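In what comes next, chain A is part of two complexes: it sits with chain B in the first one and with chain C in the second one.
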Partner chain A sequence: MKLPALLATLVTGALLLYGTADFAVWGDPKSPPNSNISVHYVEQAVKETHVPNIVTAILGDYRGYDTMFELVVIYCAGMAVMGILRRREDS
Partner chain B sequence: MKITSHEARERISHRDTILETTVRLMIPFIQLYGLYVIVHGHYSPGGGFQGGVVLGASLIMFALAFGLTASKNYMTESLNIIIANAGALIFTGIAALCALLGGMFLDYSVLANILPIDPISWRSHGIFLVEVGVGMGVMTIMISIYWDMASAGRLDEGL
Partner chain C sequence: MEGIVAEIMAKYNYWIYVVLMMIGFYAMIGKRNLVKKLLGMNIFQTSIILFFVSTGAKKGGSIPILDKQAALQGAVDVNLVVNPLPHVLMLTAIVVGVSVTGVALAVMLRIYRKYGTLEEDEILHKIETE
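Right, the complex of A and B next:
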(Lines of atoms letter the chains of each structure in order from A and count residues from 1; the text may use other names and numbers.)
(Lines give C-alpha, C1' and ligand atoms only; values in the text may rest on other atoms or scores of the structure.)
Protein backbone atom coordinates (compact mmCIF):
# COMPACT_ATOMS: atom_id res chain seq x y z
CA MET A 1 0.00 0.00 0.00
CA LYS A 2 2.89 2.35 0.70
CA LEU A 3 4.67 1.84 -2.64
CA PRO A 4 1.74 2.95 -4.86
CA ALA A 5 1.21 5.95 -2.61
CA LEU A 6 4.87 6.90 -2.92
CA LEU A 7 4.74 6.43 -6.70
CA ALA A 8 1.59 8.54 -6.99
CA THR A 9 3.21 11.28 -4.90
CA LEU A 10 6.39 11.26 -6.95
CA VAL A 11 4.54 11.28 -10.29
CA THR A 12 2.27 14.13 -9.18
CA GLY A 13 5.25 16.08 -7.90
CA ALA A 14 7.14 15.54 -11.12
CA LEU A 15 4.14 16.69 -13.18
CA LEU A 16 3.77 19.82 -11.05
CA LEU A 17 7.48 20.59 -11.37
CA TYR A 18 7.23 20.04 -15.13
CA GLY A 19 4.32 22.49 -15.17
CA THR A 20 6.38 25.22 -13.52
CA ALA A 21 8.56 25.31 -16.64
CA ASP A 22 5.70 27.14 -18.40
CA PHE A 23 5.49 29.88 -15.76
CA ALA A 24 6.13 33.41 -16.88
CA VAL A 25 9.61 34.70 -16.23
CA TRP A 26 9.76 36.33 -12.81
CA GLY A 27 9.64 40.10 -13.11
CA ASP A 28 9.15 40.13 -16.89
CA PRO A 29 6.98 43.22 -17.61
CA LYS A 30 5.75 41.76 -20.91
CA SER A 31 4.56 38.42 -19.50
CA PRO A 32 0.78 37.79 -19.56
CA PRO A 33 0.28 38.05 -15.77
CA ASN A 34 2.00 41.43 -15.72
CA SER A 35 0.53 42.90 -18.90
CA ASN A 36 -3.12 41.86 -18.78
CA ILE A 37 -5.42 42.65 -15.84
CA SER A 38 -2.88 43.52 -13.15
CA VAL A 39 -2.04 46.77 -14.91
CA HIS A 40 -5.64 47.82 -14.40
CA TYR A 41 -5.49 46.86 -10.72
CA VAL A 42 -2.25 48.73 -10.07
CA GLU A 43 -3.40 51.88 -11.82
CA GLN A 44 -7.12 51.99 -10.96
CA ALA A 45 -7.64 50.09 -7.68
CA VAL A 46 -7.30 53.10 -5.38
CA LYS A 47 -9.42 55.28 -7.67
CA GLU A 48 -12.18 52.67 -8.01
CA THR A 49 -12.39 51.40 -4.43
CA HIS A 50 -10.82 54.11 -2.19
CA VAL A 51 -8.76 51.40 -0.47
CA PRO A 52 -5.09 52.38 -0.18
CA ASN A 53 -4.01 48.77 0.31
CA ILE A 54 -4.26 47.21 -3.13
CA VAL A 55 -4.09 43.68 -1.70
CA THR A 56 -7.24 44.30 0.33
CA ALA A 57 -8.93 45.90 -2.67
CA ILE A 58 -8.28 42.83 -4.83
CA LEU A 59 -9.06 40.35 -2.06
CA GLY A 60 -12.28 41.95 -0.90
CA ASP A 61 -13.66 43.53 -4.03
CA TYR A 62 -12.28 42.34 -7.37
CA ARG A 63 -11.80 38.79 -6.12
CA GLY A 64 -14.54 38.83 -3.50
CA TYR A 65 -16.05 35.63 -4.82
CA ASP A 66 -12.82 33.78 -4.07
CA THR A 67 -12.63 35.25 -0.57
CA MET A 68 -16.25 34.35 0.12
CA PHE A 69 -15.64 30.71 -0.62
CA GLU A 70 -12.41 30.77 1.37
CA LEU A 71 -14.56 31.64 4.36
CA VAL A 72 -17.08 28.96 3.39
CA VAL A 73 -14.27 26.39 3.16
CA ILE A 74 -13.05 27.30 6.66
CA TYR A 75 -16.63 27.18 7.92
CA CYS A 76 -17.18 23.74 6.36
CA ALA A 77 -13.90 22.50 7.85
CA GLY A 78 -14.98 23.60 11.30
CA MET A 79 -18.42 22.05 10.93
CA ALA A 80 -16.88 18.79 9.65
CA VAL A 81 -14.48 18.56 12.61
CA MET A 82 -17.38 19.32 14.93
CA GLY A 83 -19.59 16.71 13.29
CA ILE A 84 -16.95 13.99 13.41
CA LEU A 85 -15.40 14.57 16.83
CA ARG A 86 -17.86 16.27 19.13
CA ARG A 87 -19.60 13.98 21.60
CA ARG A 88 -22.16 14.74 24.27
CA GLU A 89 -21.46 13.75 27.85
CA ASP A 90 -24.36 11.31 28.09
CA SER A 91 -23.71 9.39 24.88
CA MET B 1 -0.27 10.32 22.68
CA LYS B 2 -3.69 9.67 24.10
CA ILE B 3 -4.26 10.67 27.68
CA THR B 4 -7.21 9.72 29.83
CA SER B 5 -9.43 12.42 31.24
CA HIS B 6 -8.21 11.49 34.73
CA GLU B 7 -4.62 12.19 33.73
CA ALA B 8 -5.73 15.41 32.09
CA ARG B 9 -7.43 16.51 35.29
CA GLU B 10 -4.24 15.70 37.20
CA ARG B 11 -2.28 17.96 34.91
CA ILE B 12 -4.77 20.78 35.12
CA SER B 13 -4.66 20.69 38.90
CA HIS B 14 -1.04 21.82 38.76
CA ARG B 15 -1.81 25.46 38.19
CA ASP B 16 1.07 27.75 37.48
CA THR B 17 1.00 31.32 38.77
CA ILE B 18 3.62 32.66 36.38
CA LEU B 19 1.89 31.16 33.36
CA GLU B 20 -1.57 32.35 34.36
CA THR B 21 -0.42 35.87 35.20
CA THR B 22 1.50 36.16 31.94
CA VAL B 23 -1.47 34.97 29.92
CA ARG B 24 -3.84 37.26 31.78
CA LEU B 25 -1.60 40.22 31.01
CA MET B 26 -1.06 39.30 27.37
CA ILE B 27 -4.62 38.49 26.27
CA PRO B 28 -5.99 42.07 26.23
CA PHE B 29 -3.13 43.22 24.07
CA ILE B 30 -3.43 40.25 21.73
CA GLN B 31 -7.16 40.83 21.29
CA LEU B 32 -6.65 44.55 20.76
CA TYR B 33 -4.01 43.73 18.16
CA GLY B 34 -6.39 41.29 16.47
CA LEU B 35 -9.09 43.95 16.22
CA TYR B 36 -6.49 46.40 14.92
CA VAL B 37 -5.40 43.96 12.21
CA ILE B 38 -9.02 43.53 11.07
CA VAL B 39 -9.90 47.23 11.15
CA HIS B 40 -6.62 48.43 9.68
CA GLY B 41 -6.68 45.96 6.78
CA HIS B 42 -7.48 48.81 4.38
CA TYR B 43 -4.20 50.57 5.11
CA SER B 44 -1.67 47.94 6.07
CA PRO B 45 -1.14 44.20 5.67
CA GLY B 46 -3.91 42.37 7.44
CA GLY B 47 -7.61 41.78 7.19
CA GLY B 48 -10.26 39.41 8.38
CA PHE B 49 -8.34 36.16 8.11
CA GLN B 50 -5.24 37.34 9.92
CA GLY B 51 -7.09 39.28 12.58
CA GLY B 52 -9.52 36.43 13.14
CA VAL B 53 -6.66 34.02 13.66
CA VAL B 54 -5.06 36.36 16.20
CA LEU B 55 -8.36 36.72 18.08
CA GLY B 56 -8.90 32.96 18.02
CA ALA B 57 -5.34 32.37 19.21
CA SER B 58 -5.95 34.58 22.24
CA LEU B 59 -8.76 32.33 23.44
CA ILE B 60 -6.78 29.19 22.60
CA MET B 61 -3.95 30.57 24.73
CA PHE B 62 -6.42 31.13 27.55
CA ALA B 63 -7.64 27.54 27.18
CA LEU B 64 -4.05 26.25 27.29
CA ALA B 65 -3.21 28.16 30.46
CA PHE B 66 -6.47 27.95 32.42
CA GLY B 67 -8.00 24.77 31.04
CA LEU B 68 -10.58 24.11 28.36
CA THR B 69 -13.64 24.30 30.59
CA ALA B 70 -12.54 27.68 31.94
CA SER B 71 -12.34 29.01 28.39
CA LYS B 72 -15.94 27.93 27.83
CA ASN B 73 -17.02 30.42 30.49
CA TYR B 74 -15.90 33.20 28.17
CA MET B 75 -16.98 31.69 24.86
CA THR B 76 -19.78 29.18 25.26
CA GLU B 77 -20.34 26.44 22.71
CA SER B 78 -23.60 27.87 21.46
CA LEU B 79 -22.27 31.44 21.28
CA ASN B 80 -19.29 30.12 19.32
CA ILE B 81 -21.53 28.45 16.75
CA ILE B 82 -23.80 31.49 16.56
CA ILE B 83 -20.85 33.79 15.81
CA ALA B 84 -19.45 31.35 13.23
CA ASN B 85 -22.76 31.22 11.39
CA ALA B 86 -23.20 34.99 11.69
CA GLY B 87 -19.77 35.56 10.18
CA ALA B 88 -20.48 33.36 7.18
CA LEU B 89 -23.96 34.86 6.79
CA ILE B 90 -22.65 38.45 6.93
CA PHE B 91 -20.39 37.80 3.96
CA THR B 92 -22.85 35.81 1.85
CA GLY B 93 -25.73 38.03 2.96
CA ILE B 94 -24.02 41.24 1.86
CA ALA B 95 -23.07 39.56 -1.41
CA ALA B 96 -26.66 38.45 -2.01
CA LEU B 97 -28.01 41.85 -0.90
CA CYS B 98 -25.91 43.51 -3.60
CA ALA B 99 -27.47 41.20 -6.17
CA LEU B 100 -30.98 41.84 -4.83
CA LEU B 101 -30.47 45.60 -5.07
CA GLY B 102 -29.89 45.32 -8.78
CA GLY B 103 -26.12 45.18 -8.97
CA MET B 104 -23.76 42.31 -9.54
CA PHE B 105 -23.13 39.68 -6.85
CA LEU B 106 -20.63 41.29 -4.41
CA ASP B 107 -20.81 44.66 -6.16
CA TYR B 108 -20.82 46.79 -3.00
CA SER B 109 -21.40 50.07 -4.83
CA VAL B 110 -25.15 49.38 -5.17
CA LEU B 111 -25.42 49.46 -1.36
CA ALA B 112 -25.56 53.23 -1.88
CA ASN B 113 -29.26 52.64 -2.60
CA ILE B 114 -29.73 51.86 1.11
CA LEU B 115 -27.41 54.41 2.68
CA PRO B 116 -26.76 57.20 0.21
CA ILE B 117 -23.06 57.88 0.32
CA ASP B 118 -20.61 57.87 -2.54
CA PRO B 119 -20.79 54.48 -4.37
CA ILE B 120 -17.01 54.30 -4.55
CA SER B 121 -16.79 54.83 -0.79
CA TRP B 122 -19.32 52.03 -0.44
CA ARG B 123 -16.92 49.68 -2.17
CA SER B 124 -14.41 50.49 0.59
CA HIS B 125 -17.00 50.12 3.38
CA GLY B 126 -18.37 46.91 1.84
CA ILE B 127 -14.91 45.39 1.98
CA PHE B 128 -14.73 46.33 5.67
CA LEU B 129 -18.12 44.76 6.40
CA VAL B 130 -17.22 41.46 4.78
CA GLU B 131 -13.81 41.50 6.51
CA VAL B 132 -15.64 41.69 9.84
CA GLY B 133 -17.66 38.64 8.79
CA VAL B 134 -14.47 36.82 7.81
CA GLY B 135 -12.89 37.70 11.15
CA MET B 136 -15.86 36.39 13.12
CA GLY B 137 -15.95 33.14 11.15
CA VAL B 138 -12.22 32.46 11.30
CA MET B 139 -11.97 33.27 15.03
CA THR B 140 -14.78 30.94 16.06
CA ILE B 141 -13.78 28.09 13.75
CA MET B 142 -10.23 28.26 15.11
CA ILE B 143 -11.54 27.99 18.67
CA SER B 144 -13.98 25.24 17.74
CA ILE B 145 -11.36 23.11 16.00
CA TYR B 146 -8.99 23.55 18.94
CA TRP B 147 -11.68 22.48 21.41
CA ASP B 148 -12.53 19.38 19.40
CA MET B 149 -8.95 18.36 18.67
CA ALA B 150 -7.65 18.96 22.21
CA SER B 151 -10.39 17.06 24.02
CA ALA B 152 -11.28 14.44 21.37
CA GLY B 153 -14.67 16.09 21.03
CA ARG B 154 -15.74 15.77 24.68
CA LEU B 155 -14.96 19.42 25.49
CA ASP B 156 -13.74 18.48 28.95
CA GLU B 157 -10.28 19.41 30.16
CA GLY B 158 -8.39 17.98 27.21
CA LEU B 159 -4.77 19.11 26.96
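Right, the complex of A and C next:
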Protein backbone atom coordinates (compact mmCIF):
# COMPACT_ATOMS: atom_id res chain seq x y z
CA MET A 1 0.00 0.00 0.00
CA LYS A 2 2.69 2.50 1.01
CA LEU A 3 5.35 1.55 -1.54
CA PRO A 4 3.15 1.77 -4.68
CA ALA A 5 1.83 5.11 -3.41
CA LEU A 6 5.37 6.41 -2.93
CA LEU A 7 6.40 5.16 -6.38
CA ALA A 8 3.37 6.76 -8.05
CA THR A 9 4.10 10.02 -6.22
CA LEU A 10 7.75 10.06 -7.28
CA VAL A 11 6.95 9.25 -10.92
CA THR A 12 4.24 11.94 -11.08
CA GLY A 13 6.53 14.47 -9.42
CA ALA A 14 9.32 13.72 -11.88
CA LEU A 15 6.95 14.15 -14.82
CA LEU A 16 5.70 17.48 -13.42
CA LEU A 17 9.26 18.71 -12.86
CA TYR A 18 10.08 17.71 -16.45
CA GLY A 19 7.03 19.74 -17.52
CA THR A 20 8.26 22.89 -15.77
CA ALA A 21 10.94 23.18 -18.46
CA ASP A 22 8.26 24.60 -20.78
CA PHE A 23 7.06 27.28 -18.34
CA ALA A 24 8.07 30.91 -18.53
CA VAL A 25 10.67 32.31 -16.15
CA TRP A 26 9.19 33.52 -12.85
CA GLY A 27 8.36 37.24 -12.93
CA ASP A 28 8.73 37.62 -16.69
CA PRO A 29 6.36 40.43 -17.83
CA LYS A 30 6.30 39.00 -21.37
CA SER A 31 5.26 35.46 -20.39
CA PRO A 32 2.08 34.05 -22.06
CA PRO A 33 -0.23 34.54 -19.04
CA ASN A 34 0.90 38.16 -18.72
CA SER A 35 0.77 39.19 -22.36
CA ASN A 36 -2.67 38.30 -23.76
CA ILE A 37 -6.04 39.22 -22.23
CA SER A 38 -4.70 40.59 -18.94
CA VAL A 39 -3.12 43.56 -20.74
CA HIS A 40 -6.60 44.66 -21.77
CA TYR A 41 -7.87 44.38 -18.18
CA VAL A 42 -4.99 46.41 -16.72
CA GLU A 43 -5.26 49.15 -19.35
CA GLN A 44 -9.02 49.38 -19.84
CA ALA A 45 -10.67 48.14 -16.62
CA VAL A 46 -10.68 51.54 -14.89
CA LYS A 47 -12.04 53.29 -17.99
CA GLU A 48 -14.78 50.71 -18.50
CA THR A 49 -15.85 50.17 -14.88
CA HIS A 50 -14.49 53.16 -12.89
CA VAL A 51 -13.17 50.79 -10.21
CA PRO A 52 -9.53 51.51 -9.26
CA ASN A 53 -9.00 48.00 -7.83
CA ILE A 54 -8.70 45.80 -10.91
CA VAL A 55 -9.31 42.54 -9.03
CA THR A 56 -12.62 43.93 -7.77
CA ALA A 57 -13.48 45.23 -11.24
CA ILE A 58 -12.99 41.80 -12.82
CA LEU A 59 -14.67 39.92 -9.95
CA GLY A 60 -17.72 42.13 -9.68
CA ASP A 61 -18.16 43.45 -13.21
CA TYR A 62 -16.60 41.35 -16.00
CA ARG A 63 -17.19 38.11 -14.07
CA GLY A 64 -20.31 39.20 -12.21
CA TYR A 65 -22.32 36.12 -13.18
CA ASP A 66 -19.44 33.86 -12.14
CA THR A 67 -19.37 35.52 -8.73
CA MET A 68 -23.14 35.39 -8.42
CA PHE A 69 -23.36 31.68 -9.18
CA GLU A 70 -20.57 31.00 -6.70
CA LEU A 71 -23.36 31.61 -4.21
CA VAL A 72 -25.20 28.66 -5.77
CA VAL A 73 -22.12 26.51 -5.14
CA ILE A 74 -22.06 27.49 -1.46
CA TYR A 75 -25.84 27.03 -1.22
CA CYS A 76 -25.62 23.52 -2.70
CA ALA A 77 -22.78 22.66 -0.32
CA GLY A 78 -24.82 23.90 2.64
CA MET A 79 -27.88 21.93 1.54
CA ALA A 80 -25.75 18.81 1.06
CA VAL A 81 -24.25 19.19 4.55
CA MET A 82 -27.72 19.60 6.04
CA GLY A 83 -29.02 16.57 4.18
CA ILE A 84 -26.07 14.40 5.18
CA LEU A 85 -26.01 15.34 8.85
CA ARG A 86 -29.77 15.33 9.51
CA ARG A 87 -30.91 12.71 12.00
CA ARG A 88 -34.24 11.10 11.14
CA GLU A 89 -36.84 11.26 13.88
CA ASP A 90 -37.84 7.58 13.65
CA SER A 91 -34.30 6.24 14.17
CA MET B 1 25.34 21.20 -16.08
CA GLU B 2 25.46 24.96 -15.43
CA GLY B 3 22.62 25.43 -17.87
CA ILE B 4 20.44 23.08 -15.80
CA VAL B 5 21.31 24.90 -12.56
CA ALA B 6 20.50 28.28 -14.10
CA GLU B 7 17.23 26.86 -15.42
CA ILE B 8 16.28 25.59 -11.96
CA MET B 9 17.25 28.87 -10.28
CA ALA B 10 15.05 30.82 -12.72
CA LYS B 11 12.04 28.57 -12.05
CA TYR B 12 12.50 27.42 -8.45
CA ASN B 13 8.96 28.55 -7.58
CA TYR B 14 7.53 25.78 -9.78
CA TRP B 15 9.73 23.24 -8.01
CA ILE B 16 8.32 24.32 -4.64
CA TYR B 17 4.75 23.88 -5.93
CA VAL B 18 5.54 20.45 -7.36
CA VAL B 19 6.99 19.35 -4.00
CA LEU B 20 3.92 20.68 -2.14
CA MET B 21 1.59 19.03 -4.65
CA MET B 22 3.34 15.68 -4.27
CA ILE B 23 3.10 15.90 -0.45
CA GLY B 24 -0.66 16.31 -0.86
CA PHE B 25 -0.85 13.59 -3.51
CA TYR B 26 0.98 11.11 -1.30
CA ALA B 27 -1.32 11.94 1.62
CA MET B 28 -4.35 11.33 -0.62
CA ILE B 29 -3.29 7.92 -1.95
CA GLY B 30 -0.93 6.60 0.74
CA LYS B 31 -2.67 7.39 4.04
CA ARG B 32 -5.52 5.31 5.48
CA ASN B 33 -7.14 7.94 7.70
CA LEU B 34 -9.89 9.86 5.90
CA VAL B 35 -9.09 13.16 7.65
CA LYS B 36 -5.46 12.86 6.52
CA LYS B 37 -6.66 12.24 2.97
CA LEU B 38 -8.76 15.42 3.14
CA LEU B 39 -5.80 17.40 4.50
CA GLY B 40 -3.74 16.08 1.59
CA MET B 41 -6.38 17.29 -0.84
CA ASN B 42 -6.28 20.75 0.76
CA ILE B 43 -2.48 20.88 0.44
CA PHE B 44 -2.85 19.86 -3.22
CA GLN B 45 -5.37 22.67 -3.81
CA THR B 46 -3.14 25.20 -2.07
CA SER B 47 -0.20 24.30 -4.30
CA ILE B 48 -2.35 24.80 -7.41
CA ILE B 49 -3.56 28.17 -6.11
CA LEU B 50 0.01 29.28 -5.41
CA PHE B 51 1.05 28.12 -8.87
CA PHE B 52 -1.67 30.11 -10.60
CA VAL B 53 -0.98 33.28 -8.61
CA SER B 54 2.74 32.99 -9.35
CA THR B 55 2.09 32.87 -13.11
CA GLY B 56 0.77 36.42 -12.80
CA ALA B 57 3.86 37.77 -11.04
CA LYS B 58 5.97 40.42 -12.73
CA LYS B 59 9.41 41.48 -11.59
CA GLY B 60 9.15 45.01 -10.16
CA GLY B 61 5.36 44.99 -10.46
CA SER B 62 3.12 46.49 -7.77
CA ILE B 63 -0.40 45.62 -6.62
CA PRO B 64 -3.24 45.92 -9.17
CA ILE B 65 -4.87 48.95 -7.54
CA LEU B 66 -4.41 51.98 -9.78
CA ASP B 67 -4.58 55.72 -9.39
CA LYS B 68 -8.01 56.37 -10.87
CA GLN B 69 -7.33 59.78 -12.47
CA ALA B 70 -4.07 58.60 -14.04
CA ALA B 71 -5.70 55.38 -15.30
CA LEU B 72 -8.62 57.28 -16.85
CA GLN B 73 -6.12 59.26 -18.90
CA GLY B 74 -4.43 56.05 -20.04
CA ALA B 75 -1.19 56.50 -18.08
CA VAL B 76 -0.80 52.86 -17.02
CA ASP B 77 2.42 50.89 -17.49
CA VAL B 78 1.31 47.26 -17.85
CA ASN B 79 4.74 45.95 -16.86
CA LEU B 80 4.52 47.61 -13.43
CA VAL B 81 1.14 46.12 -12.42
CA VAL B 82 0.90 42.42 -11.61
CA ASN B 83 -1.56 40.33 -13.59
CA PRO B 84 -4.95 40.53 -11.78
CA LEU B 85 -6.63 37.70 -13.69
CA PRO B 86 -5.07 34.71 -11.80
CA HIS B 87 -5.99 36.36 -8.49
CA VAL B 88 -9.67 36.54 -9.51
CA LEU B 89 -9.75 32.99 -10.81
CA MET B 90 -8.17 31.67 -7.62
CA LEU B 91 -10.80 33.46 -5.51
CA THR B 92 -13.35 31.25 -7.31
CA ALA B 93 -11.18 28.18 -6.71
CA ILE B 94 -10.93 28.97 -2.99
CA VAL B 95 -14.73 29.15 -2.71
CA VAL B 96 -15.14 25.79 -4.42
CA GLY B 97 -12.40 24.32 -2.22
CA VAL B 98 -14.13 25.45 0.96
CA SER B 99 -17.43 23.93 -0.25
CA VAL B 100 -15.79 20.60 -1.08
CA THR B 101 -14.01 20.52 2.29
CA GLY B 102 -17.26 21.21 4.13
CA VAL B 103 -19.19 18.46 2.34
CA ALA B 104 -16.32 16.00 2.83
CA LEU B 105 -16.19 16.72 6.57
CA ALA B 106 -19.96 16.18 6.79
CA VAL B 107 -19.67 12.82 5.00
CA MET B 108 -16.85 11.83 7.39
CA LEU B 109 -18.98 12.73 10.40
CA ARG B 110 -21.73 10.51 9.02
CA ILE B 111 -19.26 7.65 8.46
CA TYR B 112 -17.98 8.05 12.01
CA ARG B 113 -21.52 7.90 13.38
CA LYS B 114 -22.20 4.65 11.56
CA TYR B 115 -18.87 2.79 11.90
CA GLY B 116 -17.20 4.46 14.88
CA THR B 117 -13.88 4.93 13.07
CA LEU B 118 -12.29 6.92 10.27
CA GLU B 119 -9.61 4.35 9.36
CA GLU B 120 -10.23 3.08 5.84
CA ASP B 121 -9.26 -0.57 6.44
CA GLU B 122 -11.33 -0.82 9.62
CA ILE B 123 -14.37 0.57 7.79
CA LEU B 124 -13.90 -1.97 4.97
CA HIS B 125 -13.54 -4.78 7.53
CA LYS B 126 -16.77 -3.73 9.27
CA ILE B 127 -18.64 -3.53 5.95
CA GLU B 128 -17.48 -7.05 5.00
CA THR B 129 -18.34 -8.65 8.36
CA GLU B 130 -21.81 -7.11 8.59
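The rule we apply is simple: the second predicted complex is superposed on the first by the 60 of 91 C-alpha atoms of A that agree within 3 Å, B and C clash if a C-alpha of one lies under 4 Å from a C-alpha of the other, contacts with A are read in each partner's own complex, and residues count from 1 in each chain.
As a convention for this text, a contact is a pair of C-beta atoms (placed from the backbone, for glycine too) under 8 Å apart; a residue touches a chain by one contact, two chains touch by 3 or more.
Since we're looking at a predicted model, the values are computed, not measured.
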First (chain B), second (chain C), both or neither touched by A:26: second
First (chain B), second (chain C), both or neither touched by A:77: both
Partner touching more residues of chain A, whether chain B or chain C: C
Which of chain B and chain C A:55 touches, first, second, both or neither: both
Touched partner set for A:37, first chain B, second chain C, both or neither: second
Partner chain in contact with A:68 - chain B first, chain C second, else both or neither: first
Overlapping contact positions on chain A, where the chain C interface meets the chain B interface: 47, 50, 52-53, 55, 59, 67, 70, 74, 77-78, 81, 84-85
Complex contact set, residues of chain A against chain B: 47-53, 55-57, 59-61, 64-65, 67-68, 70-72, 74-75, 77-78, 81-82, 84-87, 89
Chain A residues within the chain C interface of the complex: 1-2, 5-6, 8-10, 12-13, 16-17, 20-21, 23-29, 31, 33-34, 37-39, 41-43, 45-47, 50, 52-55, 58-59, 63, 66-67, 70, 73-74, 76-78, 80-81, 84-85
For the chain C and chain A complex, residues of the former touching the latter: 7, 10-15, 18-19, 21-22, 25-26, 29-30, 32, 54-59, 61, 64-68, 71-72, 74, 76, 78-79, 81, 83-88, 91-92, 95-96, 98-100, 102-103, 106-107, 109-110
Chain B residues touching chain A - in the complex, by the definition given at the top: 41-45, 47-49, 84, 87-88, 91-92, 95, 105-106, 108, 120-121, 123-124, 126-127, 130-131, 133-134, 137-138, 140-141, 144-145, 148-149, 152-155
